[in-house]
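Each of the next two complexes has chain A plus one more chain, namely chain B in the first and chain C in the second.
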Partner chain A sequence: MTFHVVAQVALSGLLMGLIYALVAAGLSLIFGLMDVVNFAHGELLMVAMFATFVIFQATGLDPLLQLPLVAILLFGLGVAIYRGLIARALSVQFNRGMVQIFVTFGLAIFLRGAVQFVFGGDFRSISGSLLGDRTLHLFGLFVPLPQMAAGIASLIAFAGLLLISRTEFGKALEATREDRDAVALIGIDRNKIFALGWGLGAATVGVAGALLAGFYYISPNVGANFALIAYVTVALGGFGSLLGALVAGLLIGLVEAMTALFLEPSLKQVGVYAVYLLVLMLRPRGLFGTI
Partner chain B sequence: MELTAPVSLRLGHSATIRRRQHALILGAVLIVALGLLPLPIHDVYTQNLIILTLLFAGLAQAWNILGGYCGQISLGHALYFGIGGYVSTLLYLRLGIPPTLGMFVGGAFGAMAALLVGWPCFRLSGHYYAIATVVIGEIGYLLFLNWDFVGGANGLYIPFKGESLIALQFRTSKLPFHYAALIYAAACWFIAWVVEGSRYGFAWRAVKDDVVAARSLAVRIFPSKMLAAALSGLLTGIGGAIYAQYVGYLDPESMMSGTLSILIALPAVLGGVGTLWGPLLGAAVLTPVSELLRSYLGGSGRGVDLMFYGALIMAVSLARPAGLVSLFVWPGQAKLRRRRGDAA
Partner chain C sequence: MIRLVLLAASALLFAASAAQAADDVLIGAIYPLTGGGSQAGLDAKTALTVEADVINGNHNIPGLLGKGGGLPHMGGAKIKIIFADHQGDPQKARAEAERLITQEHVVAIIGSYQSSTAATISQVTDRYEIPYLSADNSSPTLTRRGLKWIFRTTPHDEMFSEVMFQFIKDMGIKTGHPAKSVSVIYEDTLFGSDSSAVQKKLAEAAGIKVVGDIRYRASSPSLSTEVQRLQAANADVVLPSSYTSDAILMVKGMNDLGYKPGAIIAQDAGFLEPNFLNAVGPLADGVLSRSSFSLDATASRPVIAPLNALYSSLAGRPLSDAAAREIVGLQVLADAIDRAGSTKPEDIRKALIATNIPGDQTLMPWKGIKFDETGQNILGTPVIMQVKDGVYHTVWPDDVATVKPVWNVK
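What follows is the complex of A and B.
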């Protein structure tokens, strides 16, 4: 096995890791804000991928150019989910933790069923997009263009999230996270912040979905695997930490690719989970976790 | 503070004892009724439905011991279920040890697995614990999928060697399996009844409600959780062994998948966590509903059954956060609540 092969595999692992990181960032945002783990997160990704597919079929608009559109769509869906379900789940007096888990889990099943109802269970993919199957030859490595564009876009999205956290709204998010009752005293509407937080988290995963749709298969069940990796990424990086999600996402992409290369492709996720458990034993709140 | 104190703690001591006696009487009546239930039913579909309902009532009760009473939300119980089923089946296939014995060995392995999972994971709190259990369950699933000794993705067939009580093999009638499932569900229920009134039951509920307060009352947190995990894993493993024997075929998808972990927890959560009747009630509603949805709406492969099922889960958990069991009120309890002006 030459250095070249290892470098090639590491590169594709890192590029995938950037997508994992972005999916995880949306999950982490929602969790950090209101202590709710969204078990329908993978399904939001799946919905975003189907939205990209439909728009591409209807208008021929390239997945990369659709990013803002899908982000806005998912933002709306996120706000609607908060208003319709999560706000109710948060107001429950008894058994709140479990109600949240199972409400979002019910939503996941519902979304899977709804998408299957409309599109059927077949695998689909987008072909003939701008970057398509093109590759770039760089320092003797083959870089698939859609993946690279997705990686760069993911980094830009992270920068965007970082910028948002510096704004007035970002500070309101942070304050609400610190003490959801005290913020009312300084005129912050908690409900509004939570709804916007859900919108932002869903928009983030929407961007990831639109990017992923450019080079990955699309099916009603595609979310499940990404969701599990997102939970692991978030728990590994630390709930609520943006930097943690990025570092953990890259680490997971790398470990996954290396396990597939050196051990056995069908066990690639076992490598990821093993690293996660190991880190969790040493740092129960993840690498960068504070809460 | 959340209103998580169990009813028995809010009632007086004698009322608690009376309530527990009533529960025992009701349980006995139910067992007799469920024992007579299949006699007039000759439709195989309905028989299967009842057997699955009973199995899931037992499994959900097993989950309830750790997830409900002790408050540790495990989303990886399929691991113990699968281990129980595989151990019992492999003992039978490779060594000829009958499943009536093997299922207890399988249960013991399930308990050991639960202890092994609990040892590192009980240090984690809240969502970190739940996610760790999902991940460990998934690791087990992937390992079994790639492990040739246990049949890998192809799974294992249990060959039929003739009707036998000791090997738990019956072809001519589903009735014996009905009684096996009934005994299993009743045993899980009775064990939950016993531990609910024991000092461990009180310790678990204390751990669930407030770890710090529990520790200040000299409850040993970690051993309490480990005991709950072992008991829960044991019962889940036995359930897995019975299920494998009933179906006659096992593969990682049907025995260890993450979906199965949720299916084990769901009846307890929707029926009423940390209650004696919740898991049974949840299973009695969920299992038939999901099976009927699948057979009447799922055939098209269009996902309509999933939409209904998902909507049902959302509706029940939002409308009855304390579970379906909160629809029923014990006679004595209603009076007490009125007197205290209890809003719950």
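What follows is the complex of A and C.
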């Protein structure tokens, strides 16, 4: 096992980790804001990938250039989901937690079924994009360009999210998260904040989907692969923490790759969960959690 | 008077057979209609629907099929297929098999794409004593569990792997560049484990070194590390056993790392799905796979062209290996029920045991269909295909080949 192989594997793991982190950031945002676990998060990712695919087919616009467009689309979808489903689920009088779980779970199954109904169960991919299937040979390492671009874009998206958290709106988000009843007293419309929070969370996963669509296969079930890892990432990084999602995503990508390299590849998720359990035992609120 | 009685009796008989003609023969079909393997399941549904239409209708298709209007020995009874969805989950497959038998009262079950689901279905059918026709499950162990009611028309992975190694040996002789090492890379469910175990045994027997042995988790988000290990092992020939999503990630991962093995010979499944070719495009060129079906063998199998026309008009794509195997599975099952002349499970089972169909009566390039005592078809002889310009061509054995194989082992 040469250093070169280890470096190559580490690079692949970290690039994948940046995608994991961005997917998890959207989930973390919603969870941190209103204690609702969105079980349809993987399906939002899938919808974003299909949206990118459809726009690419129709206009030939490169997935990377579509980022703002898909983000806006998903923002709208996120707000619609909050207004149409979540707000109603929050207003039920009994067993609210269960109702929320079932609502997002049902939404996941619906989205998957609807996309399969419209597009079929085929695996698709975007071919002929700007960076499609190209690799860079750098210091003896192979750097797949679409993944590299996705990694950089993911970091930019994180920077954007951090900036938003500094704004007036970001402060309102934070305040609503801390005490959703008290903010009403100072004139913050918590329904509006929640809706925007859902929009922002969905837009984040939308960016991840558009990036992923540039080099990954697209199918109605693709979200499930990423959703489970996103839940682990959020718990590992700490609920509601952006920095936590980033660090945990990178950590999971790296641990996964290293487990596959040094132990059995079929055990790579075991490596991830081992780290997860260890962190939960030593620091139950996650690496950067405050709750 | 006697004549009158005879007349009345024959009228009664006629009435009885007419009444019987109204009774459909119910066959259960369990496939992954939703979930990860759903496209394979939906294709199977189309394939079985096409074949049922051919049997029930009055088509002019040569061979055993479409002799006109249902099953002749059953008073022209029609075949009716009841589809069930196992979502690729063995436990759901078990429950659906039980439901089909106890509530839908099917006389036989056909299935099921993933071998792990066939394992549970065949347990249920053995318990309820109903024939299970395994049309497309290729795990060798399925017919080695002492079950009485499983019949498998498709060759299993061991037979496939034997052909792959015969091909490797033959190419070594023909080109003067024999393969000295292989790597196996396989998904961690029944299909991959069984397939790779046989390949490792056969490699050892052929004096070829196994330098890479990589078991990976099925449908994981990334296979880049796995491909990296493959590259580090640097074998002459790579032998993957993977379903579609993993096959896509593997080939894309090889491209990302600039890795080109001398030959990739796949164990069918994901690598032979039309989906795979669509998703990876030109990256698939040169990939070899064993196959039980060759779409381009129209010269020796006249039923391929009309069946393919029917199938592709519904599915929007040509017959795949899996779809062809599903068609043949239903053909064999319908033929057995017809010969049995009854829907009693024991009669159907006896008829299945007596099955002896020559290959040219089917759409397969096989020698034929004849079951041994375990229920395995012993006349299913596979072929090797290779992707060229985005299309699979038959390249081996020579007598059915349409294109010469490309062999890059140095």
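Just so we're on the same page, the second predicted complex is superposed on the first by the 291 of 291 C-alpha atoms of A that agree within 3 Å, B and C clash if a C-alpha of one lies under 4 Å from a C-alpha of the other, contacts with A are read in each partner's own complex, and residues count from 1 in each chain.
One rule holds in what follows: a residue touches a chain if its C-beta (ideal position, glycine included) is under 8 Å from a C-beta of that chain, and two chains touch if they have at least 3 such contacts.
The structure displayed is predicted, hence computed values, not measured ones.
In the superposition on chain A, contact of A:Leu211 is made with neither chain B nor chain C.
Within the superposed three-chain model, A:Pro284 lies in touch with chain B and out of touch with chain C [touch as defined at top]. Look at A:Pro220: by the touch rule set out above, it reaches both chain B and chain C.
Of the two partner chains placed by the overlay, only chain C lies in contact with A:Val5; chain B stays clear of it. Touch criterion not met for A:Ala203: it reaches neither chain B nor chain C. Once chain A of one complex is fitted onto chain A of the other, the partner contacts of A:Leu111 are limited to chain B, with no touch recorded for chain C. Once chain A of one complex is fitted onto chain A of the other, the partner contacts of A:Ser127 are limited to chain C, with no touch recorded for chain B. In the superposed pair of complexes, A:Pro265 makes contact with chain C only, with no contact to chain B. In the superposition on chain A, contact of A:Leu85 is made with chain B only, not with chain C.
When the two complexes are laid over each other on chain A, chain A has residues 112-113, 116, 120-121, 220, 264, 266-267, 269 in contact with both chain B and chain C. Only residues 31, 35, 37, 85, 88-89, 92-99, 101-103, 105-117, 120-121, 220, 224, 228, 231-232, 235, 239, 264, 266-267, 269-270, 273-274, 276-277, 280-281, 284-285 of chain A touch chain B when the two sit together in their complex. The part of chain A that touches chain C in the complex is made up of residues 1, 5, 8-9, 12-13, 16, 20, 112-113, 116, 120-125, 127, 133, 135, 137, 142, 144, 147, 215, 217, 219-222, 225-226, 229, 256-257, 260-261, 264-269. Residues of chain B touching chain A in their complex: 2-4, 73, 75, 120, 123-128, 130-132, 134-136, 138-139, 142-143, 145-146, 258, 262, 266, 269-270, 273, 301-314, 317-318, 321-323, 344. The residues of chain C lying in touch with chain A in their complex are 34-36, 38-39, 41-42, 188, 214-217, 219-222, 224-226, 228-229, 232, 244-245, 248-249, 252, 255-258, 273, 275-276, 278-281, 283.
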